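Shared chain: subunit A. Partners: subunit B in the first complex, subunit C in the second.
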Partner chain A sequence: MECVFGLVGDGFAIVAADTSAVHSILVHKSNEDKIMVLDSHKLVAASGEPGDRVQFTEYIQKNVALYQFRNGIPLTTPAAANFTRGELATALRKNPYFVNILMAGYDKEIGPSLYFIDYIATLHKVDKGAFGYGSYFSLSIMDRHYHSGMSLEEAIGLVDKCIMEIRSRLVVAPPNFVIKIVDKDGAREYAWRESLKDVSATSA
Partner chain B sequence: MARYDRAITVFSPDGHLFQVEYALEAVRKGNAAVGVRGTDTIVLGVEKKSTAKLQDSRSVRKIVSLDQHIALACAGLKADARVLINRARIECQSHRLTVEDPVTVEYITRYIAGLQQKYTQSGGVRPFGLSTLIIGFDPYTGAPSLYQTDPSGTFSAWKANATGRNSNSIREFLEKNYKDTSGQETVKLAIRALLEVVESGGKNIEIAVMTREHGLRQLEEAEIDAIVAEIEAEKAAAEAAKKAPLKET
Partner chain C sequence: MGRLINANDKVNDHQANESCAFFNLSPLHSGLHFSAGRSPIPAKLDAARRIDTPAGSPMSIFEYNGSALIAMVGKNCFAIASDRRLGVQLQTIATDFQKIYKVHDKLFLGLSGLATDAQTLYQRLVFRHKLYQLREERDMKPETFANLVSSILYEKRFGPYFCQPVIAGLGDEDKPFICTMDSIGAKYLAKDFVVAGTASESLYGACESMFKPDMEPEELFETISQALLSSVDRDCLSGWGGHVYVVTSTEIRERILKGRMD
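The block that comes next holds the complex of A and B.
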């Protein structure tokens, strides 16, 4: 029931992911951040097997950092996406990672970009993408309302429409979402959409 | 594979490891490098032998980052340095991956020194021909550190040290003139130490300054020239002050 989706706007790329960590019928926590800041100008929104998700994305993050120290300049988004796909492909027929990734990045020469990388090492450069059961709803909403060069307000409006649709139509819909954005000023958290706040142990 | 079993670094009858000592000789022939630890600033300086006219000087970086909070300068065989630096960079990221924490300066120094020692006790290899100066701030306590390693694999922490050509003269100068400094004073002390053995001028010195907040920053040639000018002015003023009272007696 993990929902991850994203889109490219005018000079920025935005990704949203649900924040539930689920094990069978138990919700471990509902504020799990599944969007990793890969480096200053890249975001990796990942969904899938929880252990693989963390292991694989951290591995990619450290290798991207190593590249930067070795070469003095950061990897571009297409380069990082291709590297990630390569790692998934190499492991595929031995010890596959069950992780689906949406990689969003901003490069000075290229502008914003979004890459769809699924667990069997498919790589597509896309304007909008989504994973999970939620994708049935969010892709349809985005197909209807997306146009290239959306402003931030329009894009956030579209993201909220998708979240609304997922919440109302998906049977075990995740209550909370995190939205992160990457643009020329870097990758950062934009907002949370919480319909269920974690209650602290002691209440008045 | 049997051909690579024979050790190259073996003891002499009087207890020397000649290969290691010869490696130290290679270090002594390398460019001078100096490191000074201040209270909130650590400085690395390296002698830049006059660059060939057709060479792009920016491609010859002698002070390198190992991680966001660690930097290294070395004296000796630069090709050997590339190998060690690469291994150290991988270890920095590997440490972050396995324990989710950045390395301490001591940890990475121990790792590099360990690597250098391994190559004095393995079949078919020779020691690395370089000594390193490693600087950084402890990621938890924020304390500044300066460490030195050498081809034998020993390492220790220093307040200020030098290695490479004429390192003895630089170390003598530092022993005489070291005091706790911070900020620009630390930079000046490092440059003054290096100027003892290097022709003065921004063209012949490479300086990098590390602070807790800003990480490693390489100084531009113009900045170095400005500080060198300040130092020369101070020296001249000190000379003049010395001469003046003498005249009065």
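The block that comes next holds the complex of A and C.
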């Protein structure tokens, strides 16, 4: 089951997602990147139906880029989150997307922010959020250890605690995770947490 | 409030399939959903709007997010209160979710039920009210707004918004006005109080026993807060504090309540 979670720290927002692409009992690959860099200062961590996840997040990414081309300025994180919610809400009663989204972004005036967007288009600005079976563990760990204004070291420590908890307590725990961060310097990959490396073709 | 909603559940299978497909419902069942809350539902009375929970027993779509709303009339004032929980079935996502919106200085709208529909409905209503303000160069009266909400909800009669609104405002000569309606816009006007949400049965009981006519704003605040907190303490899907607005002709006082945080 897909695990996605994120939190807001002091001047940055972090999201982590598992990297398993699973179809029923088969693991297609274990280095699938589920956190898309939406633009220079936004990240979208998505979980749900694989086809919808890729298609919908790419659709959002291209529309956010289009806005920037047309208007010369990028969308703010709340604007992008509300646009995403609008697209999900419009599609909901016709052809729904089964994608849950955590949108993290950094704006100069607002600072870091994290938006929880359900697959039925429930939008809420949060300090910490999670989706999937892993949320039962990661939300509780974050409830215990999170405080506002965490430093990067503290936040990474908390993310690692969540990953350890998911690995030890979830029955079909995903082995690998990717962590991405967004702050004033932009959105970028921070680290991978791998306990199972993909076997390369030559060594098989 | 649960009884009012049940009358709408009688839709034919086809419509039920369309509006419920995305909530992973079984389309095999239709009929009236008589049980309140989470009591066991006899198989042949399963509503088309059941949702499967991780725990197993099915839930109604109106109980997906959880909510509690009250509006009460006082002496030349009104109070409107909500809980603060945003949940996804049994899991709590946030404890600061806003369910009461200010339409204008003398008109407040509370939306209980499915959060996504509450947000969509709020956006549509604010849009319509802003257009009204541009055309009429004044704010909408509460009675007019209630009619607007009712017609917008009935537009979606065969694929409704899963919300129950609570409308509270000061009308002509600052006379307090409250009303609620079901998810397809059947208005229920009251002179004393109206309630909505998953905790509505408890709320009715608490309000009935605590309400007195012509309360001053401070006493009204105490009464509505006690009624809200005692009711949500008996409902697992709502709570995590309260949000109360007390509105008179001269001021709006917004207060956050701290109750049982569970």
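Methods note: the second predicted complex is superposed on the first by the 203 of 204 C-alpha atoms of A that agree within 3 Å, B and C clash if a C-alpha of one lies under 4 Å from a C-alpha of the other, contacts with A are read in each partner's own complex, and residues count from 1 in each chain.
One rule holds in what follows: a residue touches a chain if its C-beta (ideal position, glycine included) is under 8 Å from a C-beta of that chain, and two chains touch if they have at least 3 such contacts.
Because the structure is a prediction, the values reported are computed rather than measured.
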In the superposed arrangement, which partner chain does A:K62 touch: subunit B (first), subunit C (second), both, or neither? first
Between subunit B (first) and subunit C (second), which does A:S140 come into contact with in this model arrangement: first, second, both, or neither? neither
For A:S40 in the superposed arrangement: first (subunit B), second (subunit C), both or neither? neither
For A:H124, select first, second, both or neither according to whether it touches subunit B, subunit C, the two together, or no partner. second
Quick check on the superposed pair: does A:N31 touch subunit B, subunit C, both, or neither? Answer first, second, both or neither. neither
Subunit B or subunit C: which reaches more residues on subunit A? C
Partner chain in contact with A:R70 - subunit B first, subunit C second, else both or neither: first
Partner chain in contact with A:L92 - subunit B first, subunit C second, else both or neither: second
Parts of subunit A lying in touch with subunit B, wherever the complex brings them together: 58-59, 62-63, 65-66, 69-70, 72
Going by the contact rule set out above, which residues of subunit A touch subunit C in the complex? 85, 89, 92-93, 96, 98, 116, 118-124, 126, 129, 135-136, 139
Sites on subunit B touched by subunit A in the complex: 61, 65-67, 86, 89-90, 92-94, 96-97
Using the touch definition up top, name the residues of subunit C that touch subunit A in the complex. 18-19, 21-23, 65, 86, 88, 91, 93-94, 97, 114-116, 119-120, 159
